[in-house]
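Right, I'll just put the structure down here and ask away after.
The first chain written gets the first letter, and so on, giving A, B and C; residue counts start at 1 in each chain.
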Amino acid sequence: MTAKKISLAEISTHIAGRLEGSPEIRITGLAELHLAQQGDLSFLISDADLSAAEQTKASAVLLPASLPPVSLPMIRVKDVSEAINTALELFAQPRQDPVGIHPQALVASDAVLAHDVSVGPYSVVESGSSIGAGSILQARCSVGRGCVIGEHCHLRQGVVVADGCRIGCGVMLGENVVIGSEGFGYRTRDGCHRQVPHLGAVRIGDDVEIGAGSCVARAKFGFTVIGDDTKIDSLVYIAHNVRVGEHCLIAAQAGIAGSARLGQRVVFGGQVGVRDHVAVGDGVTAGARTAIHHDVPAGSIVLGVPALERRQALREQAALRRLPELVSKVKKLQQRLDELESAADHS
Amino acid sequence: MTAKKISLAEISTHIAGRLEGSPEIRITGLAELHLAQQGDLSFLISDADLSAAEQTKASAVLLPASLPPVSLPMIRVKDVSEAINTALELFAQPRQDPVGIHPQALVASDAVLAHDVSVGPYSVVESGSSIGAGSILQARCSVGRGCVIGEHCHLRQGVVVADGCRIGCGVMLGENVVIGSEGFGYRTRDGCHRQVPHLGAVRIGDDVEIGAGSCVARAKFGFTVIGDDTKIDSLVYIAHNVRVGEHCLIAAQAGIAGSARLGQRVVFGGQVGVRDHVAVGDGVTAGARTAIHHDVPAGSIVLGVPALERRQALREQAALRRLPELVSKVKKLQQRLDELESAADHS
Amino acid sequence: MTAKKISLAEISTHIAGRLEGSPEIRITGLAELHLAQQGDLSFLISDADLSAAEQTKASAVLLPASLPPVSLPMIRVKDVSEAINTALELFAQPRQDPVGIHPQALVASDAVLAHDVSVGPYSVVESGSSIGAGSILQARCSVGRGCVIGEHCHLRQGVVVADGCRIGCGVMLGENVVIGSEGFGYRTRDGCHRQVPHLGAVRIGDDVEIGAGSCVARAKFGFTVIGDDTKIDSLVYIAHNVRVGEHCLIAAQAGIAGSARLGQRVVFGGQVGVRDHVAVGDGVTAGARTAIHHDVPAGSIVLGVPALERRQALREQAALRRLPELVSKVKKLQQRLDELESAADHS
């Protein structure tokens, strides 16, 4: 992969900035001021970066209108972070994955693969499954029996899609993701636990992305569902029969217990937990580490263990910070009251 | 996999229900009222489901005795959820996995496999290991040196059983489960951390099930032990030298630190944590997200961070909800007291 | 693997103990008193172990100077736990992994491997990568394009090192570890989330160890960095652009969000969380389950959700334990005050 070279003029136009310097300068990548090399575009966020900008080896910088000029080619932008993200798009390179079925892959004779599907080495596609055009399975993926995988999906190394699961189009499954693992449901008879058969599967919408190591369990019957355009980070667990709506963002290590339902545009910070059978409304935001034990109405912002409406959670937190002091205060009040009462008795 | 067809009569008998409708109707699966198709058995839980039952395409429904009849073949049952779980057993199909060693698998010449063991493609069984009758290793499993795997085990894709580990009979290991990973124990000398050798292994009892992505670390010496019939959910971490008793249920993303001991019939909600060397007694139940820092006596129900006896935890939680109000109250008391004292001074 | 036999004299010297018993006794391993067999070295920690020592089958025991002698060969030591760890080093056996590229592995023709590198079956090393002397890739590892892996590294089964990542020397990556997974960063346009390209990679220092199932995401640009001699436990998530310093210890299931920075010698208990962009100073210790929301100054010991300085966290916890009682106290104070006021009114 040789790096792309993109002119400062093209970058400036793409990020809607104002260029001050030579438009022909060729940029090969982005880097922080102190790490940048020749050819890199760097950036200043605030005054604090001015001295580092004096010494950077970067060929040009992004900076906000509010900062004084530096002695380097500059692109002035409204929002530096946003401009960085936009600029990165210019440098992204299309994946150069091979097309076709690797000779060291096993594809069942009755599996139906579009002509340009890639299946990496040591991957297995079992009987009755289909994979849409442009989809890529990297090395060591497993697709079980009767699965449907849409177009332009990307399954990274070690992904397992178990029997009967359905994946939409444009889906990215990170390394070692498991779709359709066994649900955790047991019946106890004579003191022994026997698994309830989980005969359902998982249905994943279009444009879903699921990060490395995450697992989505299959439904008892019907489907565990992940809605279109929902993005899930790494090491997340989605239990059996959960329904996650469209356009949700779920950060790393969240756990969503059986049959919970999330609406659309739900946003979870890291390590959030949701109790089984709970309903989380559309547009709910839950801060990192929140534990949702009860239904949450649409549009709420919640925090804490158990989850409280944000304002209440912060008020409680503030009060808790003052609790040791409150204990002392009450003790003093008691003493003063004792004295007053004793004075009253003697009066 | 063509679906099973089972008569309503057979289902009704199996779940000990009372059939009202044609016993010959053939059922092919279970589904919720609004998703059911012809051939499906659906169910009503409460009055709220009556209108959906009017419009369902299901061929029959389960419902409790308390509900009025619907215009569909019905099976009356005591407990609908329980009846669903029981009915699902009828529809479970035996796995149709191939028997034998896949040509693309590697089995050491001195490994001892029962004649009907299945080893999937790209799996590796190393020297000196044995695998009992009826056991299935799906694709891409690794069994290290000197392992013992009992009869009728099922190792899903990507499972690793590391050197010297012993797995009982009837054990299910979910996708990408790791048994016998390195323990996390270090000694610091001259500021550098050096791993303490972990020379032990892991011993897993009969009928244990461990969900996708979970890891059980090997012992420093002797064994990390998981007792018979214990069921562990996904993305759980069991550290070195932990002993988990029989018949426990441990939900997803729990973490049990080194040398902790769990008795029999311990039940953990999701994301529970247990500190190293702590002892959790028989029959303890810990709610989701509980952090167990100290020994917990047998039979306790605990909650919170750190874990408290349930009643105390709930009392504290209730008090915490009222804490901001308490702060104001104390402030007012102070003012009233100030006034009283000042009045007393002037009297 | 036949067990090593080591004389009691050698062990005693190695752990700097005082031997009381025959120096020639041959020891083959370590075990707890009640599990020990002939040939095992066992140990007593306190008085409570004296009765078990009467009945053990162990051939010798370690014990502290403070305990009375037992009727077995003994080695007196200052710190029993420490002595066990030191003794274990004597019994550790060098790995007997094969050297060379397994015929069922795929190594790109332009990959550069030192002559004694081992690549296990079903592993893939892609174009432009290099692997240093003495490094071992077990079965089913994937090394992407343009990676650099140093000398004497050990990648266990299922490890993925994605394109462009750099691994130092002496690094251990546990089973199913993923280095260089996609970062979780999105821009939302017209209600749809589009991934910000993550063009950077991961750089891992020398002597780093990362436990089974953990994931380290690649940077947006530049590198996500793990410093030399840092040890990370299982199922940990390190997000994009995080920098972890040298000599840190991070226990299982911790999650460190994007662009957070950890100094040197940071120690985290299990299930700790760090918010994005937060700076954790050198030598900080955070107890299990701590959630770090704000910068933590060097040398602090923190606890709780959100993280507080340890002393304050414990004071709050103690106060919280007394909160229900405090509520009652305030109620009583109110009543007494009511009475006093009413008495004052009537006087």
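By our rule, a residue touches a chain if its C-beta (ideal position, glycine included) is under 8 Å from a C-beta of that chain, and two chains touch if they have at least 3 such contacts.
None of the values given here were measured: they were computed from a predicted structure.
Q: For the two copies subunit B and subunit C, what rotation in degrees overlays their C-alpha atoms? Round to the nearest 5.
A: With C-alpha atoms aligned, the rotation comes to 120 degrees.
Q: Please tell me whether the contact surfaces of subunit A and subunit B are same or different in residue numbering, using the over-half criterion.
A: Different, since under half the interface numbering is common to both chains.
Q: At what distance in angstrom does the C-alpha mean of subunit B lie from that of subunit A?
A: Going by mean C-alpha positions, subunit A sits 24 Å from subunit B.
Q: Show the residues in subunit B shared as contacts by 2 or more other chains, in ascending order.
A: 122, 140, 158, 176, 213, 235, 253, 271, 305, 320, 323, 326, 330, 333, 337, 340
Q: Considering the complex alone, what residue numbers of subunit A touch subunit B?
A: Against subunit B, the touching part of subunit A is residues 106, 122, 124, 140, 142, 145-146, 158, 160, 162-163, 176, 178, 181-182, 184-187, 191-193, 195-197, 199, 213, 215, 217, 220-222, 235, 237, 239, 253, 255, 257, 271, 273, 275, 291, 293, 305-306, 315-316, 318-320, 322-323, 326, 329-330, 333, 336-337, 340, 343-344.
Q: What residues of subunit C sit close enough to touch subunit B in their complex?
A: 1, 29-32, 35, 82, 84-85, 88-89, 91-92, 104, 120-122, 138-140, 156-158, 172, 174-176, 207, 209, 211-213, 229, 231, 233-235, 247, 249, 251-253, 265, 270-271, 288-289, 305, 317, 320-321, 323-324, 326-327, 330, 333-334, 337, 340-341, 344
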